[in-house]
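Report on one structure; see the data block that follows.
Chain naming follows the written order as A, B, C and D, and within any one chain the residues start at number 1.
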Amino acid sequence: MTAVDTKPAAGNPVLRSIGHVLKARETGIAIALIAVIVVATVSNPNFLFSSDGFRDLLLTPSLLMVVAVGQAIVIITRNVDLSVGSVLGLTAYLTGRLFIDIPGIPPVLVFVAGIGLGALLGLINGALVAFAKVPALVITLGTLYIYRGINVAWTGSDRINASDLPAGFRDLGTGEFLSIPLLTIFAVVVLVVAAWYLRNLRSGRELYAIGSDPAAAHLYGLRVNRRVIGAFVVSGALAGVAGVLYAARYGTVSSSAGLGLELQAIGAAVIGGVAISGGVGSVWGAAIGAYLLLTINRALPIVGIQDFWQRAVVGVLIIGAIVLDRVLAVRQHRRLIEQREEKP
Amino acid sequence: MTSAIDTEHGRRTYSAYAHPLWRRLLVTRESAIIGLLFLVVIVATFAVPNFDSPLTLTFLIREIAPILLIALPMTLIIITEEIDLSVASIVGLSSVITGLGVQAGWPLPFAAVVAILVGTVAGSINGALVTFVGLPSLAVTIGTLALFRGIAVGLLGTTAISDFPEFWTDLTRMNIPGTPMPLIIVPFLVLAIIFGVLLHFTPFGRSLYAIGLNKEAAAFSGINVGLTKFWLFVMSGAVSGYAGVYFTLLYNNARGDNATGLELQIIAAVLLGGVSIFGGRGALPGVIAGVLLIGTLSSALRLAGVTSDIINVITGVLLVASVVSASFLAWLRTKRVAAIGRKKGRAEASDG
Amino acid sequence: SDGSSDGGSSDGGDSSADVSITMLPKNLGNPYFDTSTGGAEEAVSEIGGTFEEVGPSEASPTSQVQYIQTAAQQGVGGLIVSANDPEAICDALDEARSVGVKVVTFDSDTNPECRDLFINQATAEGIAQVQVDLITEQIGDEGQIAVLSASANATNQNAWIEMMEAELAANHPNVELVEIAYGDDDDQTSFDKTAALLQTYPELKGIVSPTTVGIAAAARYLQTSEYKGEVALTGLGTPNQMREYVEDGTVTAFALWNPADLGYLAAYATAALISGEITGAEGDTFDAGTLGSYEVGADASVLLGDPYVFDADNIGDFDF
Amino acid sequence: MVQTSTSASAAPPALELSRVVKSFGAVVALSSGSLTLEQGSIHALIGENGAGKSTLVKIVAGLYRRDSGDFRLRGEEVDFSNTAQSKAAGIAVIYQEPTLFPDLSVTENIFMGRQPTNRFGRIDRKAMRTEAVEIFERLGVRLDPDRLTEGLSIADQQIIEIAKAISLDARVLIMDEPTAALSGVEVERLFAVARSLRDEGRALLFISHRFDEVFDLCDTVTVMRDGKYIDTMPISDTSIDELVRLMVGRDVTEMFPKLPAEIGEDVLVVDGLTSTGVFHDISFTVKSGEIVGLAGLVGAGRSEVVRAIFGVDHYESGSVQVNGQPLRKGRPTASMAQGIALVPEDRRKQGLVLDQSVTRNVTLAIRKRLAKWGLIWGGLENASAEIWASRLEVKTAALDAEAGTLSGGNQQKVVLGKWLSTEPKVLIVDEPTRGIDVGTKAEVHRLISKLAQDGLAIIMISSELPEVLGMADRVLVMREGRLTGEFDRADATPEAVMFAATAEGAAA
């Protein structure tokens, strides 16, 4: 019956168009992003065509992009990491402290320390989620408080000032290579590596499998715990490196660095088509989502909307994205059923 | 038809409960939290100077009243295995609406009713997206968290409205005459009783637990899962709207960023109070004790000069510890049952 | 006014014997307030009392209320506050005063009815004047300028900006104030807002940031941008934060009073209130340690002095 | 054709289990499971629902850990703690329920966790796709290797499961009811592949409820009953009758105590019910006092039809009437008010809230009726639960025991009690005796029979043909979403029903 008559994909227009629609998930928001840039640039050519404008367009979302890539990896495994903002805060402050307390420390070591601390905090999240079998939402809500609290207790009313950081390090935050900001280059490298990993390595594909159906993943004999912990470690490490870069970019680090970042990162991933129920989406989508979020933020005042409304626009975007995904899913499901029906 | 089923064998009798009443009441998550609350109060009374002042109670209740209020519908929502992250944004939105209303010259009660209605509409948007569009509530309310907050901030910018009629602000801050108990406790108690009865003594409440534990079985038992959830989100919106009015009058201040971050405190308190994030488990007394526990602890620590960051760490640790310990206890229990099963299995095997 | 006040006021009466002072800045982790707290602490140790600093991590009025209430519960002798909102914390302050806490505002005032004394760092006129003088001088008295303020309802910033606008309109007709942006005293927001200002107004000649967080963030943005040296920046900043930018030419001059002195004066004034030496009436005088003697002016306020202008020549002399 | 090539009887069996015990909480799923699988042969494992076959398979797969007993692989004692270990040891398993990742492509589902890679660990997609296409060719199916598995029919999902197992190139291949959803052509293809694997010297275990397949394919057969090993014999030495007797443990006819009932008016009238892709143009009636059996293969759409009637599923066109009143579609509450009760097929997922007490489960469907002035009191609930627990003789220590801790048969009784307490006029039971022991089964049958005698209209779905034939006054047969046969009790022979249920008419 059914299986015998299934036509091979190559010639099946229905399947192919479904494939296109799916691909359009990332293309769709990329188009939205371009539209925003075009509208803002038409209102004010400086938005794109001044050297600062071009730089900020690339630079501003870079940090969020790094964090959103990590968040997307976690969400793909059907988990969520609410603690990224707190992790970023801690590593940003650690960065400053290292430069102050160990004069002359090579920035490379600081990066290693930041990534290490982030990974450690991620490991704590992942281990609690995997072994205690408690939902990530609760665990990372708890560690959001804990990490932030530790940060504030450690920082006190201290703050890192730009002058505490060596100029060479700060150049990382503002420097450019071929008029592309170093931070953006770094973020894109992270993105490409993550995307390559998720697509081409077994362990990357297993993350999708786990998010798609954790029970089936268990039946397959996939190492679910190890992969979930790995995803949290990556998310923590990326938030950690984002913290180091935050210090380089903003120069000033107070105990509130990264406050509220978690919702932005989740928002970016969701807008980019990463399903909160796991198994679907790509880090490309999350990255474009991050760009869209922050670019809209900068574009609103330019097109004459008070930027107070920015958050409302973000909300509409998130809801629009998930509703769109749902509509696409329902339509695809119906089409697949009808397809089954059409067969003799 | 009953006659058909009466078997010829003598009827068995069953005891309704496996354990005596005291054990069922005392050996629970709820009583553990209530016990912990009493412990904290006693220790603080002796160890923290000025904790025994009546002002402590006044300030404590006033400050946590919004959390207490919103924790009620939040409990019901989490019991059905959903979540509402947008409550604090609805508080902010309702606060702004109250402020704008008063600024436009409306009498305060009218402005308040409009604000509560706006909250209710916001809640029904959540409910509709979750129920009729079929989206996960976590994703929906992350979106509306930004949306409602964005509207609130957009309407008022970062300016504040702070000229509310003195009669109402005084009323909000008033105590029940002769006691250090703020007046807000009265509407809270009324709502707590309504929600408590709804959850624990009505068919509706029964259906909430069933939905939380097994949606499919609930649907097969004639429970309209979607509609039930929809109403819960509406209730949550309405109560958040009311809390927004209270918040505005208490601080005599309508701002778009009022109550930012409150949602996480509410959820932390509800989970600490013994409600399972997986749904289907938890009781209102535990939740109220959970809110009071976090509030009392931070009040005592603040009085003792401990900074707010340590208080946050303690909240986080309590939250993580409470869920991890719950899952640890569950694991121990399955181990025990499994051990009994194994013994039984071996016995059966040697018989056969 | 309510049942609770009776119990509390006796506590307050007892503790007024020794000087216990709590300092509540707008937020913690702000170097400006760190310095003022340092001054206050020094003063309290000279007087011989107990001192504590508390505060929220972000500058919002509702989170300040908790700390005011705690101070009232503790029955401290005096509370020194920089208000995040002139109205929103009023009721809490009233309650604290009703249990015997002396309330002194500094840096950012509340409504005069809600406090016993206000320690004014400089008159609003003086601050507005010095900033207008600095910016118009730096841009050659013509062209577009913008203001990067703290939050939109920050009391003192708004008062200064209003006076700056009046002064600009009256005496500098060729200078146009194109936008007032709000960085919410948040470093990152101020940084991004500076970027937005520069892009939105390509003709912009100068930025005035009457807040220490804002000016530092703006300077940092300018330092690495194409506008460095093109767009003037001035306002209120602390020497330690601005040193680098003054030395590399991003900023020529900026103004501020000495926040340590401000805290120091506030603590002495609070102690004088607690001891009953002054009541806050106009004409009361009190001694403020190394700063000398001060007199209470109209509206129960005490004026620290004129703002001070920092530039490349003198910035090396200061460390705060 | 017993293999002469089974290279010397000296070779240790590919797989050997003896006296294996496995229990879940209070439920003992396997009390003494034994099985010997020789290399180069196909072995059948048969037994009634709930006999413990799947549990045995899951122990071999490393999914469950046995409580006690021996497990040897090629003569060596093994103890798997996860499925990766069993895979590594050369065991491939096709589980009874397809377990696929809906968001991933067909190819990825086949190779997940062991995708072909190049030297640097990068997945070689081309190689993977080619290999998938090869396997499909070998199985003679044309399935798009690039499409998502979401929305595939059960049969296609089952094919992917088979492809997955074959691609493992395992030395032991275990198939738990792989043919339940497949049609004749596909089954033949599968068998051809199975035989060629056997001829390569591999060991295969085949679980099925279809005797014709067992006799067609297998060399030896093992029978299980109630978690215990009963007997093993070469297939050529036995007959269907003998196997049935061994499986059931007693004479089958006395299982179905059919009482005479007075058949009255039409109570339930279903007319032209259609739901695209699920079922088509379903029309039938049920009279009071009548038991209508609904037979068909798994996946024929029987459950969907009754779910649509009850209102948990929607349908597109058609109508349902109870006692002449049209029923609102998609509203279980409306159906319940009209006196319909549905005992669903999956009691663990649909019938019970396993984590709640017996009391709460029994009273869940009548919670509104129990409420006084809108309030519900524990005492009333307990009283009502006790009535039904004692009528159905539920074995439990106390009524507040969680339903999940009861044995399968007792859980089924709780579901029955829950629905009988609504005092229905139309009772629909979907697989009412799945997984319950022989004694209880007869009891449930007696109960259903008595309810019919009392004037209820009853629809009974069962995958056990003898059960349907033994109980029903009239038998309806479904195949691929359509009604394909209707038989009176007298005409309903196994051959006729099986013919209607399968296009080919292969009969047991």
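Operating definition for what follows: a contact is a pair of C-beta atoms (placed from the backbone, for glycine too) under 8 Å apart; a residue touches a chain by one contact, two chains touch by 3 or more.
Keep in mind that this is a model prediction, so the values were computed, not measured.
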Other chains in touch with both chain A and chain C: B
Selected pair, greater C-beta contact count between B-D and B-C: B-D
Chain C and chain D: spacing of chain centres that average the CA atoms, whole Å: 75
Computed distance of Cα centres, chain D from chain B, in Å: 41
Intercentroid distance (Cα basis), chain D paired with chain A, Å: 43
Sites on chain B at which at least two other chains make contact: 157-158, 307-309
Residues of chain C touching at least two other chains: 57
Numbers and ranges of chain A residues touching at least 2 other chains: 152, 255
Graph class of chain-chain contacts, one of line, ring, star, complete, other: other
All touching chain pairs, where touch follows the definition stated at the start: A-B, A-C, A-D, B-C, B-D
Contact set on chain A toward chain B in their complex: 80, 128, 132-135, 137-139, 141-153, 255, 263, 266-267, 270, 276-277, 306, 308-316, 318-319, 322-323, 326
Touch list for chain A against partner chain C, complex: 44, 46-47, 50-53, 56, 60, 152, 155-159, 161-163, 174, 250-252, 254-257, 259, 298, 301-302, 307
Contact set on chain C toward chain B in their complex: 2-4, 7-8, 11, 52, 54, 56-57, 60-62, 65-67, 69-70, 72-75, 85-91, 95, 99, 151-153, 182, 184
Residue ranges of chain D touching chain B (in the complex, touch as defined): 19, 21-28, 30-32, 67-69, 227-228, 310, 312, 332-333, 335-336, 342, 344, 349-356, 359-360, 363-365, 367-368, 370-371, 374-378, 382, 385-386, 389-393, 396-401, 405, 418, 420, 423, 447, 450-451, 453-456
Partner chain D, residues of chain B touching it in the complex: 1-7, 9, 11-18, 197, 201-203, 205-207, 209-210, 213-214, 216-222, 224, 280-281, 334, 337-338, 340-342, 344-346, 348-349, 352
